[in-house]
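Given below, in the form of structure tokens, are the structures.
One chain, chain A, links the two complexes that follow: it is found with chain B in the first and with chain C in the second.
This part shows the complex of A and B:
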């Protein structure tokens, strides 16, 4: 087979490959630099590190303020991701299966937090939460993160629900199964990999969030918010340890998603 | 086993009527096919009977019980779709056990019923396979077993053989007919395939634009179509003018051919030219042009020699074979 006829001239293909590699390097180098820096023994941020140590991890785990931020982040992410999964899942099901008037409008409304600039969402939430007295409260933070994560859940589950033949549900009903029974025994077992993926995305989405959190969290510190604040005050190498932990967590979570979806043969269908 | 009765069933979407005051009565154990082109409202009608949809007006009775506002769960129907709609995460046996589990039938009895149903569709030995490990024909047999295992009052089939290739479809037609006869279950099938309708059903209901065109036995509808639509939808129709000014339909098998000039039978032969001769195995189908440029289709048994395109011949038919249509 003639290679040139497939990929154009050899120079065009080499150019394309070079651009791809450059893009990849551009995206990953900052991550890769942060990891060795976090194991540095130096007092200030230096690269390459003069020698290796775990001192910044010790600082992180030994600092009650970091631990408290970590706890807040985990708590908010855990609750808001489950809430987003429930609400987003129901919304996606209703929007995919329903034929009611104003469906497009409703879908647009649900997806808005993903499309509207985050700063606008932050200001809107600031004003709205202030009005109902939830500004600076943990509940307000959970509500805000839930709202931000609903579109992520809807995107992942919306695709999965559309791919799942509605007639399978209809047959189950005709065989005598109630809606709830059909949901538990037929729909959820088949959508489980996508539900897991949606939950992970929502969890990471909440764990990462910094803009809206900065506006509305008040005295509460989440990990990303504290990192941002630390960077403003002083450049402290502890941040590189936190960043490395976050990278590791994200990579592991996404790997789990990839494995679960691949096992279910659904990787190609999922919007990531 | 129950009868089905539709009284003035109408389903409107805005101003569009997918079903327009449809009346139908299916007796116990009967096999009726709803036949129509896509968009004729046949699937809408089936979903109304299945309870997946509610009619705008009219009433639906199953076994004498008014089920117009009953949910699908309350109707005790077996439903089979073209896409099989098997539960992908369950084995064949688990699929067939599902309606029994819902009915709180378990243990040895459920197992026996499910295995009997699988035997009925010749799938014993496939209990532990997954749907994805079966061929299309096997999957549709599982769907059938699942639809009949709980002895439903009626069986509803939505283009059940539409996804299968021709040979398999013909095999399954025979099996479906045998299964229906064995169980004696009242069956309503929806299809756009006129051959399937003619070969399977006790009666067919021809539907167009949501309206009933004719309800009759297959031969009756074929030979004595109620109107032009039915005549054209069921097989090939030649339209001819009758002496009283009405139109009549002659089926291709009733058209007689003879060499040019040798008029045959009582009807006087008309001169025609062979446009195309299509060999169909036992039959040859001729597309003919009469001298006044009207076209006629004839189907005659193939006996070793055929007329060639361009040949001039004589065409005739018995006046008794012409059925007047409006």
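This part shows the complex of A and C:
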């Protein structure tokens, strides 16, 4: 059976290819344009840049407020991604392997931050944290980021745990291994690539979070919060450098995930 | 450790969620129905109906969400369909190009449109160079810019599940139709398209839900001139503190979102069955 009888005439296929390529261009071109613009010497956002310079990177790295925001972002992302990984990983294991009642309900509740509009989570947390006097605290920020990233962790690890043959664990138990030993020696080594992917996703998720952070962070500045506030006031070319650094960070993080998953032969399951 | 039920595995997360997620949302819902010293009241909702500004923002949000969702369908369906027909190498590249923007900060992707669509940006440069316009077209700080930005940010949410559903369609089904003499157009509309419809509907509902609660893109690309529900909520919390009113609007938004999500779940089950 040749392709033509199903896919249509050559013109139909060319038309489809044009629309598909347009879709990819629409998705990626804005990101690609930002990169050369960040090396512009001009203050105005004129394309192409009149000449090249590193002045916006110097402004960014030379500004103590940006640097402080960056360290806050890294700190919050580091703590909350590990917390989300631990709590979400344990819960994903319990939901896949457990037999207790109400598992669907529990899973729905854990995944809810993905569905409930983030602005509502932001307002609810704002009101509640104000009530208990934790508005503008690092603790409130870390807890909020943790629960926002739990769904990402559970999605990645839930699939990995379901695909890992439970009989292997049962064999370990039947041979007398304790639960902790089985976890350490059997389950975790097999899930390691997915655990790494889940951790990276949670880290990116926290590092980029802007809405809840803007509402509850108080005096703390994170990179996205500062970026958002500056963008609302005026367009400042330093943002172009920050945006390029964030794109580079995302590309590197995702490349690391792709390499680890590919080595484990799991790339296809996780991507789509 | 109770290996028999496994409940203890979810207990720590359950405690965190109940304290830091469920309780705050219930508290917010409560505020919307409460008046100090008088107890239960519906007056915060009556206030919403009486003020035309709220209805205008609601209408605005619905319209923009609808247009952005339609734009997503028009751009996303052909893209996913085209990706299905690619070879394995081309397919991997296309997936990477869809997944990567999905993970890039929403702020970066929104900001990128300021760079692209601004008066000195590449689109206006191209339009003027080609002689289509003499003066720059203003894409930014109006509804057009907000809609373009939202359609762009949400496109992967439609394309990825739609593409996955298209991959599940058995080629032999299409070959059977062809061998029975159906022309390509008939095969597409009578066999292929109906099979993708549940996934398309589910993806569109998901995009629509996300549009309703969108905050960052309208705030930046709208420049304060395109208020959507989220931006109204921001004003009611951070600028003119009227928490009860904000809680009332949040409650409505939450109920609408959950209702549409229930429909989405039903379609999604059908799509992946």
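We take it that the second predicted complex is superposed on the first by the 267 of 272 C-alpha atoms of A that agree within 3 Å, B and C clash if a C-alpha of one lies under 4 Å from a C-alpha of the other, contacts with A are read in each partner's own complex, and residues count from 1 in each chain.
FYI, a contact is a pair of C-beta atoms (placed from the backbone, for glycine too) under 8 Å apart; a residue touches a chain by one contact, two chains touch by 3 or more.
Predicted, not measured: the structure shown is a model, and the values here were computed from it.
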Simultaneous placement of chain C and chain B on chain A, clash or fit: fit
Following superposition on chain A: angle at chain A, chain B versus chain C, Cα, nearest 10°: 100
Which of chain B and chain C A:71 touches, first, second, both or neither: neither
Chain B versus chain C as contact partner of A:117, first or second or both or neither: second
Residue contacts on chain A - larger count, chain B or chain C: C
Touched partner set for A:165, first chain B, second chain C, both or neither: first
Touched partner set for A:61, first chain B, second chain C, both or neither: neither
Which superposed partner A:181 touches (first chain B, second chain C, both, neither): first
Smallest separation in angstrom, by C-alpha atoms, between chain B and chain C in the superposition: 7
Touching both chain B and chain C, residues of chain A: 173
Chain A residues touching chain C - in the complex, by the definition given at the top: 1, 3-9, 12-13, 16-17, 19-24, 26-31, 33-34, 37, 44-47, 87-88, 90-91, 93-95, 97-100, 106, 109-110, 112-113, 115-121, 123-129, 131, 143-144, 146-147, 150, 173, 179, 201, 204, 208, 210-211, 215, 224, 227-228, 231-232, 235, 239-240, 243, 246-247, 250-251, 253-254, 271-272
Chain C residues within the chain A interface of the complex: 1, 3-10, 12-14, 16-17, 20-25, 27-28, 31, 75-76, 78-79, 81-83, 85, 94-95, 97-101, 103-116, 118, 120-122, 125, 152, 155-156, 159-160, 163-164, 167, 171, 174-175, 178-179, 184-185, 187-188, 209-210, 212-213, 215-216, 219-220, 224, 229-230, 233-234, 237-238, 243, 246-247, 250, 253-254, 257-258, 261
Residue numbers on chain B that touch chain A, as the complex places them: 50-52, 71-73, 75-79, 81, 83, 85-89, 98-99, 102-103, 143, 146-147, 150, 156
Chain B contact footprint on chain A (complex, rising order): 165, 167-168, 170-178, 181, 185-186, 189-190
